[in-house]
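Have a look at these structures, which come just after this line.
Heads up, the next two complexes both have chain A, just with different partners, chain B and then chain C.
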Partner chain A sequence: MENAESKMNFKYILQFLGKFKAGIGLLALVIVMSFLSDRFLSLPNMLNIFRQVSIMGIMAVGMTMVILSQGIDLSVGSLLALSGAVTAGFMAGDGNMVLAILAGLAVGTGLGLFNGLMISKANLPDFIVTLAMMSIARGLVLVYTGGRPISGFDPAFRIIGGGRVGMVPIPVIIFAVILVIGYLVLNKTTFGRYIYAVGGNKQAARLAGINTDSIKIKVYAISGFLAAVSGIILTSRLNSAQPTAGVAYELDVIAMVVLGGTSLTGGKGSVGGTLIGALIIGVLNNSLNLLGVASFYQEVAKGLVILVAVLLDSLQHRD
Partner chain B sequence: MKKLVALVVVMSFMLVAGFAGTAEAYDVGLAISTLDNPFFVDLADGAEEAAEELGVNLTVVDAGDDAATQMSSVEDLVIQGMDLIAINPVDGDAIVPAIEEADMMGIPIITVDRGAATDVAVHIASDNVEGGRMAAEYMAEMLNNQGRVIELEGIPGTSAARERGEGFNEVMDEIEGIEIIARQPADFNRAQGMSVMEDLLEAHENIDAVFAHNDEMALGAIEAIDAAGLSDEIMVVGFDAVADALTAIEEGTLAATIAQQPKEMGRLAVEMAVQLLDGEEVDEFVPVPLELITQ
Partner chain C sequence: MANKLLEMKNISKSFPGVQALSEVDFNIDKGEVHALVGENGAGKSTLMKVLTGIHPDYEKGQIFYKGEEVRFKSPAEAQAAGLAIIHQELELIPELTVAENVFLGREPGRGWINKRKLKANTKKIFEEMGIEININKKIKNLTIGKQQMVEIAKAISQDAEIIAMDEPTSSLSQQEVKILFDLIQDLKNDGIGIIYISHHLEEIFEICDRVTVLRDGNKIKEQLVSETDRDEIVRQMVGRDVEDRFPEFDAKIGEPIFEVKNLSVPDLITDVSFQVKKGEIFGLAGLMGAGRSEIARAIYGLYKNRAGDIYLEGKKLDINSPGDAIDNGIYYLTENRKDEGLIPELSVGANMSLSILEQLTFVRGVISKRKEKSLVKDFISKLDVRTPGPWQLIKNLSGGNQQKVILGRVLSTDPKVIIMDEPTRGIDVGAKHEIYQLMEELAADGVTIIFISSELPEILNLTSRVGVIYNGRLQGIIDGSDVTQESIMNLATGGS
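On to the complex of A and B.
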C-alpha cells in the first residue's frame, strides 16, 4: 500500500517536473553558474546572453511553427547567409540601405515559399526539400560573394545589430517583438490554430476543411523570412557578410525548439518553450566560455544536454 | 533526479577543463580562428606553453572558422574581465565590432597571424620580408653568386607577395653575378605556376633558378621544368612549407622552402601580452622569425 502511494507521489512529481522541465533546467543552470562565476549574473552578461541568442532565437520562432506543423526546415542557416549577402551586395553597390534590406528579406521569403510549394504541391518530404535548399542557397552565397566576405557599408547600417536603446541591444528588441508576434499568431489567430491542427493530424485537418497546403506554404515562407531577418542582423553585427555565415545553425535552432518542449512529431509545443530552449543554449555557450572550458568539450557538453532533454521527453511520454 | 544527472554531466565538463585562477596572475584570452587546422593548433600550443612558464591564466576559445562565433566568444572574454585578449581573426573586417567593444572596456588587443581592419596594441605575424631574404641568401649561396633567376610572384597587391618579393630582391640586387631575368605573377596557384613557367621556359634559355612566392607555384613550376627535361639544371625555392612541398624536398625536386613557426607565434603572443600588461614599451608590429627548410 505504502509503496503504491509513494509511487503515485513520485509520478505526480515526475509529471510536474516534466511539464516545466525546460524552465527548471534553465533555472538550475543559472543557479549553478551564478556560484561558479561571479560575472555570470551581472547585468552586462545577461544582456550579452540575450543578444547572443537573439539571432538564432528569431529563426527558432519560425522553426517552432514549422515543427508544430510536423515539418522541419534545414535550410535556415543557408538562407540566413544568402539574405545577408544579398543585402550586403546591394548596399555595397547601390548604397540604398532600405532597398538592400528589402531585397534580402525578399530572397529569404521567396526561397522559403519555394520550400513550402515543393513540400505541399509537389508532395515531397520536408527533410529532403529543405536539405536540397540548404545546399542550393549555400552554393548561391558562394557564387554571389565569390567566396569572399562583403564589407564596407553605410555606418547607419551597424545600428541594426550593434545599436542599443538605453541598455538594451536592438537585436534583443527585434527578437522580443518577433516572439510576441509569434505567440499571438499561434494562440490568437485561426491560422495559428490550423498550424497545430495540421501538425496534430494532417488527415483530420484536411477532412475538417483546412487548406493544409496553404498552411504549409505560409509556415515555410515565415521561416525563410525570419532567417532573412537574422541574416541582416548578423551582417550588421559583424559589419560584413560572411560566405560561411550560419553553417550548422539549423542544428542549434532545432535544438532550441526541441529543448523548449516542442514535439518533433508535430502539434505540441509553444513559442514560450522555444524562448526557454534558446536561453538554455545561450547560457550553456556563454557559461562554458566564462568557465574557460576547452572548445572541444563544449561541443560534447551541448550535445549531451540535448540528448538528455530528448531522453527525458520520450520517457515522460512513455508513462 | 534526471534533471540532476543532466546537470552533473555538464558540470563535470565545466570542472574538468579548468577554473583555476590566482588573484595576481594576468588573465589573458586567446581567440583562435579554428582548431581544425594544425597550424593554429600549434599556435595555441605555443601560447599555452608560454602561459605556463610565465604564470599567465590563459583561456583559449575556438571559433571553428565562423566569424559570428568568434565575435560572441570575444564578447564573453570581455565580460569575463580579461586583462588582455589576443585574437587570431577569422575575418579582419568582421572582428572590428568585437575589438571596439573590448576597447570600450579598456582591454588591450593583440592580433596574431592575421590582422584586423582597425588599430590594435600589437600585431604579431610572420616576417615575410625576412623570409624573402632567407630564400635569396640560400639561392645565392647555392649558385655561387652567379646565375640567371626567375621570380614567380603571388597575387599582385597582397601583403605576402609584396613582402616576400621585397626581401628577395633586396638581397639579389646587391649581388652582381645574379640577374633576375623575369618576374611574372602566377597568383599563388599551382596550375598558374605551371603554365607561366612553361611560357618562361620558351622565352628564356640558361635559367639557373626559380624563386616562387609560395609552394603551390613552385610545385607547378617544377612540373613544367620536369616536362621540359631541365630538372637537373634549374633549382626551385618555394615558401610556406606545405605538406606537398616537404615531400618534394625529400624527393629532391624542390631545393628549399621557408617555414612559418606557428608555435613561436603563439609564444610571442603571450610574451607580448605580459610585457604590455607590465607597462613595458612594445612595438606595434612584432615579426615572427621563419625557418629555412632544405634536404
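On to the complex of A and C.
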C-alpha cells in the first residue's frame, strides 16, 4: 500500500517535470556548460547562439503550425535555397532590392501554397508531397543558378543578415518578431484554434463547420513563406546565394519542434516549446564547438538528444 | 463448489485522485451469463481490466480462477489461461481476412503459414458456431455484426473458458442481436462463463442469469435476474428513482419547415423525400447500414455526388459542406462521438465554441476570450456538464458529459434543424434521460429534430412520426398510433 502511494507521488513528480522537461533540459545544459567553459555565459556568446538558431528557428515557427495541423513539411530546406537564389538572381543584375525580396517571398509562399493544395484538394499524403517538393525545388535551384553561387549585391542588402541594432543581430530581431506573431496567431486567433482542431481531429473539425482544406493550405503557405524569409536572411548573411544552402535543414527544424514538445500526431504543442527546442539545438551546437568536439561527433550527440527527448515523452504518456 | 469458474474477492484499485474500485466481489460459474451493469465510470471496465491483466497493480483483493489464485500480468497471460475479452471497439485488423484474424499470432505451420489448415480450422469453428461467413473476406468488408462474430470465433479458437463482452450489441441490428444471443446460449451450454456488460437492460433480462450492479466503484448488489426487475436495477445504478424514463410532453408542432426532395447518393441512398414540421421530433429508423446516417450526411453536405434538393422555410438551400449547412441553420450531431465529434486534446471550452468561434471575436479573426468564456459557461450550466472547469481537456470527461459538450457546440449555433444520430449511444442512464429532456425542450422552443436511433423504445417514446429506411430507400413513414415496434420492424426489414 505504502509502496503504491510513493509510486503515485513519483508519478505526479514525473508529470510535473514532464510538462517542463524541455525547459529543464535546456536549463541543465546551460548550467553544466557554464561550469565547463567560462566563455559560454558571456553576452556575445549568448547573442551568437540566438543568431545561429534564428534562421532555422524562423522556419521552425512555420513547422510548428504544420505539425500542429498533423502535417509535416520536408521541403523547407529546398524552399529556403530557391527563395534565396531567386532574390539573389533578381538583385544581381542591378535589380531593385525590394522587388527582389518580394520575388523571393513569392516563390516560397507560392510553392508552399502548392504543397497545401496538393495535400488538401488532391488528398495526397503530406510526407510524399513535401518530399517531392524538396526534390523539385532543389532541382530548380540548380537549374536557376547553374550550380554556381550568385553574389554581388547592393551593400544595403547585407544589413538584413549581418546588421545589428545595438548589440542584437537583425536576424534575431526578425526571429523574435515572428515568434511573437506565431504565438499570437496560435493562441488568439480563430485560425490558430482551427489549426489545433484540424490537427487534433480533422473529421470532427470538418463536421463542426471548419473549412479544413483552407486551414491546411494556409499552414503550408505560411511554412513556405517563412522558409523564404530564412532564405533571404541566409543569402544576405553569406552575401551570396549558395545552390546547396539549407540541405538537410528540414531535419533540424523538425527536431526543434519535436524537442519543444509538439506532438507529431498533431493537435498538441506550442511555439513557446519550439523556442526552447531551437535553443536546445543552438546551445548544444555551441557547447560542442566550445568544447572542441569534432563536428562528426556533434551529429551523433544531436541525434541522441532527440532520441532521449522523444523517449521521455513516450514514457510520460505511458499508462 | 465445483462449478465456480472465477472468483474475484475484495478488489480495490485506484488511480491518481480516484478510487475506481473499492472492495468489489464478482464471480462466475460454469455455463453462466453474469451481467455487469452500472453508469459510465462505475468501474465496470476497470474491473475487467483488473481481471484480464491490463491493471495487474490492483492494491487489494484476490482472484481465484478454477480454484487457484492468479494475478495475470498481461492480457496475453490472461488469454493463454482461457480468459477472452471482447471490447466495445473491436480489435481486428481490417486489412486481413477473417481466417487470418481468428488465428492472428497463432497461425498453424512453422514460419510459413499453412493456409490450408488455417482455413480449415477457421471453417470448423464457424460451423460449430452455426454462423455463415466467408472466411476469405477482409474484415473491413464485413458488417459490425459479422466482425463481432469473428471476435467470438477468436475467443473460441483460444479455448476460452470465460468470455467478457463489453457492450456487444451497441452496433448490431436486431437480427444480429438475435444471432448473438443464440450463440451465447450455445456457449453457455458448453459450460463457458460469460461476463456481459451492457447499458441495454432489456437484454440482461433476456439472456443473463445473474446481475451485479456497480456504482462509483462499489458493488451495490448481486442478484438473480429472475428476482429483480428493470426499475430496481435502474434505481441501484443511479442511486435514486428515475422518474418516467421518457418525460411526457405536449408537442406544439407547427407548419412544415424542412424538406428533402429526391435525395440520392450513388450506392448509398436512393430517392429519399420527406417533410418535417417546425418543433417536430421526426424519427429515422432502420437497421444498421440501411442508410439512415447516410441521409443525414448527405443533407449535411458530406457527399460530393449528392443529387436532390433540400428546402428550409421554403427556400432551396445550396449545401456543399458542413459549414454551409451550419450557416443555413442545420446541424448534424454525429453518431461517432470519438472519431468525428471530440477534439481530444482541446479543452471543454474550445470544443464547445468551435462552430461559432467566428462570432466570438472583437475584430475579425481574433478571439474574444471574454465572449468565449461567457458562452461556454452558459452552456456548461445549461446542459449541466460535469467538469472541473472549461479548461479541462474533453478527453478526461465521461461519455455522457462529452456528449453534452458536443451538444453545446451544436446549440451554440442556434440551429433550426438538428439531426441527432444515436445521441445516447454508449452513455449512462442518467445522462440519457437528460438528453431526452433536452430534445423535448428544444422541440417545444420550435427547433426541428430529426432523430436517428437503433433503440426502438427511444423512437417510440420521443417521436411523433417515424420514417423507416430500408436498403437506402425511405420504405415508409408511420404516423401517430400506428407507430409500434412491430410496424417499424416490418418496414425496416423490407415489408410495406
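Simple rule for what comes next: the second predicted complex is superposed on the first by the 318 of 319 C-alpha atoms of A that agree within 3 Å, B and C clash if a C-alpha of one lies under 4 Å from a C-alpha of the other, contacts with A are read in each partner's own complex, and residues count from 1 in each chain.
Here is the rule we go by: contacts are C-beta pairs under 8 Å (C-beta built on N, C-alpha and C of every residue); 3 or more make two chains touch, one makes a residue touch a chain.
Not measured: the values here are computed from a predicted model.
S.K.: Under the superposition described at the top, does placing chain B and chain C together on chain A give a clash or a fit?
M.R.: By the criteria stated at the top, chain C and chain B fit after superposition, with no clash.
S.K.: Can you tell me whether chain B or chain C touches more residues on chain A?
M.R.: Partner with more touched residues of chain A: B.
S.K.: Touch test for A:244: chain B only (first), chain C only (second), both, or neither?
M.R.: Only chain B; A:244 stays clear of chain C.
S.K.: Touching A:181 in the superposition: chain B (first), chain C (second), both, neither?
M.R.: The answer is neither, since A:181 touches no partner chain.
S.K.: With the two structures laid over each other on chain A, which partner does A:128 touch: chain B (first), chain C (second), both, or neither?
M.R.: After superposing on A, A:128 lies clear of both chain B and chain C.
S.K.: First (chain B), second (chain C), both or neither: which does A:300 touch?
M.R.: first
S.K.: Considering only the touch criterion stated at the top, classify A:203 as touching first (chain B), second (chain C), both, or neither.
M.R.: After superposing on A, A:203 lies in contact with chain C but is clear of chain B.
S.K.: Quick test of understanding: once the structures are aligned on A, what is the angle at the Cα centre of chain A formed with chain B and chain C, as a multiple of 10 degrees?
M.R.: Nearest-10 rounding gives 140 degrees.
S.K.: Taking the superposed arrangement, what is the smallest distance in Å from a C-alpha atom of chain B to one of chain C?
M.R.: Shortest inter-chain C-alpha distance (chain B to chain C): 21 Å.
S.K.: Shared contact residues on chain A, chain B side and chain C side combined as an intersection?
M.R.: In chain A, no position sits in both the chain B and chain C interfaces.
S.K.: Spell out the residues on chain C that touch chain A in their complex, using ranges where they run on.
M.R.: Contact set of chain C toward chain A: 16, 57, 59, 300, 302, 321-323, 325-327, 332, 334, 339-346, 350, 354-355, 357-358, 361, 365-367, 409, 413.
S.K.: Could you list, by residue number, the parts of chain B that touch chain A in their complex?
M.R.: For chain B paired with chain A, touching residues are 2-3, 5-7, 9-11, 13-14, 16-19, 35, 59-62, 64-68, 71-73, 75-77, 79-81, 91, 93-94, 96-97, 117.
S.K.: In the complex formed with chain C, which residues of chain A make contact?
M.R.: Residues of chain A touching chain C: 1, 4, 8, 11-12, 188-191, 193-194, 196-197, 200-201, 203-211, 263, 267-268.
S.K.: Along chain A, where are the residues that touch chain B in the complex?
M.R.: 17, 21, 24-25, 28-29, 32, 36-37, 39, 42, 44-45, 48, 52, 55, 149, 151, 158, 161-162, 234, 237-240, 242, 244-247, 284-297, 300-301, 304-305, 308-309, 311-312, 315
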